[in-house]
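Letters are used for the chains, namely A, B, C, D and E, taken in the order the chains are written, and counting of residues starts over at 1 for each.
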Amino acid sequence: MANDLILRVITKWLSPIIILFALYVQFHGDYSPGGGFQAGVIFSSAILLYALTYGLDAALQLIPEMALRIGASLGVLIYGGVGVASMILGGNFLNYSVLASTPIAGQHIGIIVIELGVGLTVASVMVLLFFTFARRVAPE
Amino acid sequence: MEQLTILLIVIPLMCAPITALIPSEKITWALTLIVSLISLAISFYILYEVIDGKHVIYELGGWRPPWGIEYKIDSLNAFVAVIVSGISALACLFAYRSVPSEIDKKTIPLFYAAFQLCLLGLLGISLTGDIFNLFVFLEISSLATYALISMGKHRKALTAAFSYLILGTIGATFFLIGVGFLFAASGSLNTADIASRFSSFEDMQLVETALIFMVMGIALKAAIFPLHSWLPNAYGQAPSAVSVFLSATATKVSIYVLLRILFDLYPVEYWVDMLLPQIMLSLGCAAVIYGSYRAWQQVEMKRLLAFSSVAQIGYMVIGLSMLNELGLIASIIHLFNHAVIKATLFIGAGILLYRANTTQLKSLRGLGKDMPWTFAAIALAGLSLIGVPGTVGFVTKWYLLEAAVEKGLWIVVATIVVGSVLAIAYVWKIVENLYFRSKRKIHIHDVSSGDDGVAKAPKTMTMALWIGAIMCIIFGLNTELSFQAASSAATALLER
Amino acid sequence: MSLAVNLLLLVFLLVMALAVLKTRHLFAMAMLFGLYSLLVAGLFVVLDAPDVAFTEAAVGTGISTVLMLVTLASTKSGHELVSSEKSRAAPLIICVVMGALLIYGTHDLAELGDASSAPHQEVAARYIEKGQEETGVPNLVTAVLASYRGFDTLGEVTVVLTAGIGVLMLLGNRKKLRVKELANGK
Amino acid sequence: MMDFVLGHINYWLIVAVMMVGLYTLMSRSNLIKKLAGLAIFQTAVILFYVSLGKVTGGTVPIMDEKYTLYSNPLPQVLMLTAIVVGVATTALGFALVIRIKEAYDSVEESEINKMDEQD
Amino acid sequence: MNQLDMTLLIILSIIVPVVGGIIVSRLGKHINIREAATLITALALFVINLLIYVNLDLSHENAVASSRFVFAEPIEGLAIAFSATAFGSLFAIIASGLWIATSIYAIGYMRGHHEKHQTRFYVLFAIAIAGVMAVAYSDNLFTLFLFYEILTVSTYPLVTHSGNREARKGGKTYILILMGSSILFFLPAMIIVWFVSGTLSFQEGGILAGNLDAIWAAPLLALFLFGISKAGLMPLHKWLPSAMVAPTPVSALLHAVAVVKAGVFSVMKIVVFIFGTDFITESNANHWLIWLPLITIVVASFIALRKDNLKERLAYSTVSQLSYIILGALLANEAGILGGTMHIAMHAFAKISLFFAAGAILVATHKKYVSQLSGLGRTMPFTFTVFTIGTLSIIGLPFFGGMWSKWYLLSGSLSFQGPEFTYWAILTGLAISSILNTYYLLSIPMTAFFNKADNDSSNASQHASGIKEAPVACLIGMAIPTCITVYLFFDPQLFYRLAATLNQF
């Protein structure tokens, strides 16, 4: 597949669009269907596509495995961090209302940040899963 | 105080992702130990606060239940949390030398991360008051468990992990079906909320099916006979440290969930009408006999211990299905007692594995003479398993007996007697092979030969072993803490 | 109308599930499985659950199927073996009993779409009533997911992380361990 | 009677799908197929939940001034989590299958069991 | 002496041997200091027990428990507790007193016999003694049971001391019978007592009367008798000959005194303080059960007669003599109890002398069999004199302590209130047994002194070297119990005073 020019070109054009769409789903999840999880999966599919056309090594150069691991952990840490932050600010764990001056604003900030965490972890893990699996297919 | 309760979850939750990123095996180990110890301290503190029948409520996200998720912690929750985090610390101490000998160096940080996630899941299950949230934590712990078990040395570990994955997921999904049915009937997921409005929907067939599926799902996870088939392989093949941790906690936490479902979520009269106590009582008795008998037949120590777990779970089931306070106390206290005993025995098996590179009983012959201290601790824990007075095992059996006599259930008395005799038989089998049979040539483990010689078990391992063995005695003599926790938990369960 | 669509899709779904059961060709099975997931996603749309549909489409049809294909490729398995030893009577009996039990349970279930049934009262009603007001988010699924039951979602993310860690533990090692080495315990 | 059947037939069909999944999982020897069965089983349960949330005449639970009747968001939220749990389990299962294949050179349970017994 | 001091003494009596054991374990390299430490511990323990004895209030009210020390209470009403009683004190004094003798003896024996792992031996010995003390001072049946078991476990390594195949085999029989019977019979019996009467504490007049149907008294008592297999009732006596593979000091102190006496001590305690003698006679529980010790007395005597291995012969003699004590208990009358209790003491001193002598022969000549002893009396006159005195005391002849216990046992039997047939059977049994005693024990010193040596070369060579006794330490150790045996004839008051308290109720 890696030698198919048409595929390469299409992928090159398609990937950014998919990523853009992922970002839309990520940040527009409050108003329309979607959210961190869906965005993460969509984002990962862009990388998947890239890896399928350009090969695993190229994809790994683009996003090294360590970055994925960090991303996966960081997502959970961001989510948990919001919870801890709300505890520090005097609320219960994950009580976003205390994050800003008004409860609504606080909720808003909280939801956006945790969705980001979700998206980060999901995207990283999905890509990581694919990479790890795909590496086993390659003949020795 | 309230904020402390959630720290029990938050600390392992925040630590696990960090652990996964640190490449050093020593640091990740230390982190895991620290997390376990902090959890232990916190859960002890909570237990101390709630032991006289109070409870702590924590509303996550500041939302009132049933709209938000709530933690309602009474003595039972705290007691289970103490067991889980305490055993985790013990297993961790043991793991220091055991894990590097069994697991690839690069994988160790991930291993400890998964270990912490498993701890997190189990703690979550034991604290939450929301049945769906419980499912989520059940899955966290299960997924971590599958991965941990698959790290066993032998390839059988992979198949064991796979079949556990299949059966565990069936169990969890059954539980999810039950939750769904109950949700369809009640519109709520909060335990206390459902319980308080129970009479308004108790006539529905939905509720009945929900109970059956939840109980079946959890029985599968708790390895209650005859749904135990995954357990012997899983605990037998897992890396030693994992066997220690899981055998002492995972099934116990499931039994705890069963207690919650049967006593808190549903009114007792409801399932008495369904003949559930009789069914469970017979299954419990069957488990004791079958598990002990199979344990006796085994030729490999970890598998033997795993079958003995099947039997011991039977005792817990018997205790809770007798529906009197003493029986419940016996069950709850046995959660703790069996955890201590089994952890000690699996640590012992782990040390033997470390030394001899096998746990086949015939290959271990005579090893007890080279390692008298290890052998003595194993023997002590073995006596506990039998239920010799002065050990923790006795306390449980005594309360079970009292409960059975109170109810006039002679079949239970007979089961306990037969079970104990079989326990003598299988513990003797270990003791005999370790000490009485003449030595066979054993291959000494190659990893340990490098540093501190092959003749000794590493200090951390021996320490963990003896902490366990001494606990078997101390809590067999001074039952104040465990009894008080269990009896206040039992009272709370029966009050409803 | 929507009931009819719903039923039609469900029948298709059943057929697809049976096809997965029956087919021996594993790549075909993977494809059928992808199709099954797609149908489920379609059903979710009919059931007013676009968020779930979205996720199912991405995960069931996407990730799961891809992982299944990769696994097939890596294990080089083409056809399922027909094993004569495995008894099929016992699973069948168990499934029939379980199914009967579930159907017995559904007897008291409110009809599909009945707005007065229990799940729509109290808890859910309050989400709809006050959700936007309390969280400022019009998409109630997001509101419940991220705020009311944010703790569940934290658990969900942790599940994802756990799966990632688990898979890395199993497959992270570049070196393949050979059959014999493993049979003798590493 | 007819109403009852019409109102419940979707649940029955879901139960049927569920059981087909469970049967696949229990009766088949191929590990990959088992996992497919498991996924079908889980998806059917998810479907059951989402069906619970449907309200006739209701709409997607995104607040809008145009609508007053919404479907129930709660089951949907729960199921988002369940889907993720499902895929996580399946992924781990596949990883195990790959390792089992490397260790046993087979993905058929019947063959593997035989090898295990010989050990 | 006030309550507190008494409690302290009881605690000390259990802790001192343990601490001594720990100290000994640290002294493995300094043999002389190690032995000294053992001796000092033994002396200290004896003094402590004497102090308890001296301060014991033997008046009626305090005979059951004067000062109670609760160590732990795992289950409400089921405490691990200790208290000083006259009976307990009797047992403790005998055991700790003979520990001194045994320690002296062991020094000679272990060195002379070149045993391995001597430090381990002394440590375990001390711990076993601690177990005995705990049994002696146990305040209730639960505590008694617990330390009864601990005694089994802690003496096990002593039995298998040599570590060879024979020792392991013997050890296996030892632990299987003792553990198995106690868990199968003793424990259930104890549990039944708990459920019937709601307590396990020793009380005057027993706790079962009024709580248990008279019909069930005999089965329950049978459970106890079989459960306490340390008392050596047939057919559960096999462990005792098996235990003879142990080094002689172990056989001497533990399997002639401490362990077996812990068994009969328990039986006596249960008969008097759990059942109550009145309950036993009223329920006629002893009418049939008394056959058990009776048969054991006779059968064991016959077996002893046929044993050529000296230590095994002594072991069967012990089995037989233990049943005298059980018989005394089951007679359930004043003289019977008194005789049984005193026999605990009298038999202890006599039998330990015999074992010491057997060990001395082993150390000096490496001879194990009776048939090899012909003419040896001339080489080892001291040893065989000791043996003779022990024998005579066990037979129950005048001028030796054993006479008193036999006397009371006989008078107890004469006043037995039961079926005529049983009555005569008891008397006949005792008569036969005494004759057999005389024969199987007395024949040994007789042949040693009066027979000509065998003509095999090894004996001949030893004759040439004249008198050849065991090491001096052995001889000193032997002398002590032998002298006491003689002394006790003239002054049995020490033990009589304690034994008589059992009959105050």
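Methods note: a residue touches a chain if its C-beta (ideal position, glycine included) is under 8 Å from a C-beta of that chain, and two chains touch if they have at least 3 such contacts.
On a predicted model such as this, the values are computed, not experimentally measured, just so you know.
The minimum number of touch steps linking subunit B to subunit D comes to 1. The chains that touch subunit A as well as subunit C are B, D. With chains reduced to the mean position of their C-alpha atoms, the one farthest from subunit A is E. Here B is the chain whose Cα centre lies closest to the centre of all protein Cα atoms.
Counted by C-beta pairs in contact, the busier of C-D and A-B is C-D.
At the far end from subunit C, in terms of centres built from Cα atoms, lies E. Between the CA-based centres of subunit C and subunit D the separation comes to 4 Å, rounded to the whole angstrom.
Separating the centre of subunit A from that of subunit B, both taken as means of CA atoms, is a distance of 36 Å.
The centroid of the Cα atoms in subunit B and the matching centroid in subunit C are 29 Å apart. Separation between the centroids of subunit B and subunit E, computed from CA atoms only, is 45 Å.
Shared interface positions of subunit A, defined as residues touching 2 or more other chains, are 31-33, 37, 69, 72-73, 76, 80, 83, 93-94, 96, 122, 129, 132-133, 136. Contact with two or more other chains is made by residues 50-51, 55, 59, 63, 67, 70-71, 74, 102, 106-107, 109-110, 117, 119-120, 123-124, 127, 138-139, 141, 143, 145, 147, 149-156, 158-163, 166-168, 170-172, 176, 179, 182-183 of subunit C. The chain pairs satisfying the stated touch condition come to A-B, A-C, A-D, B-C, B-D, B-E, C-D. If you check the complex, the residues on subunit D that touch subunit B are 22, 25, 31, 34, 38, 41-42, 45, 48-49, 52, 75, 78, 81-82, 85, 88-89, 92-93, 96-97, 99-100, 103-104, 112-113, 116, 119. Taken together, the subunit A residues at the contact with subunit C in this complex read 25, 29-35, 37-38, 41-42, 44-45, 48, 69, 72-73, 75-76, 79-80, 83, 93-94, 96, 103-105, 107-108, 110-111, 114-115, 117-118, 121-122, 124-126, 128-130, 132-137, 140. The part of subunit E that touches subunit B in the complex is made up of residues 71-75, 78, 80, 142, 145-146, 149-150, 163, 165, 168, 171-172, 176, 179-180, 183-184, 187-188, 191, 195. Note for the complex: subunit A touches subunit B at residues 69-70, 72-74, 76-77, 80-81, 83-84, 87, 91-98. Across the complex, subunit B is touched by residues 101-102, 104-110, 117-124, 126-127, 147-152, 154-156, 158-159, 161-163, 165-170, 172-173, 179, 182-183, 185-186 of subunit C.
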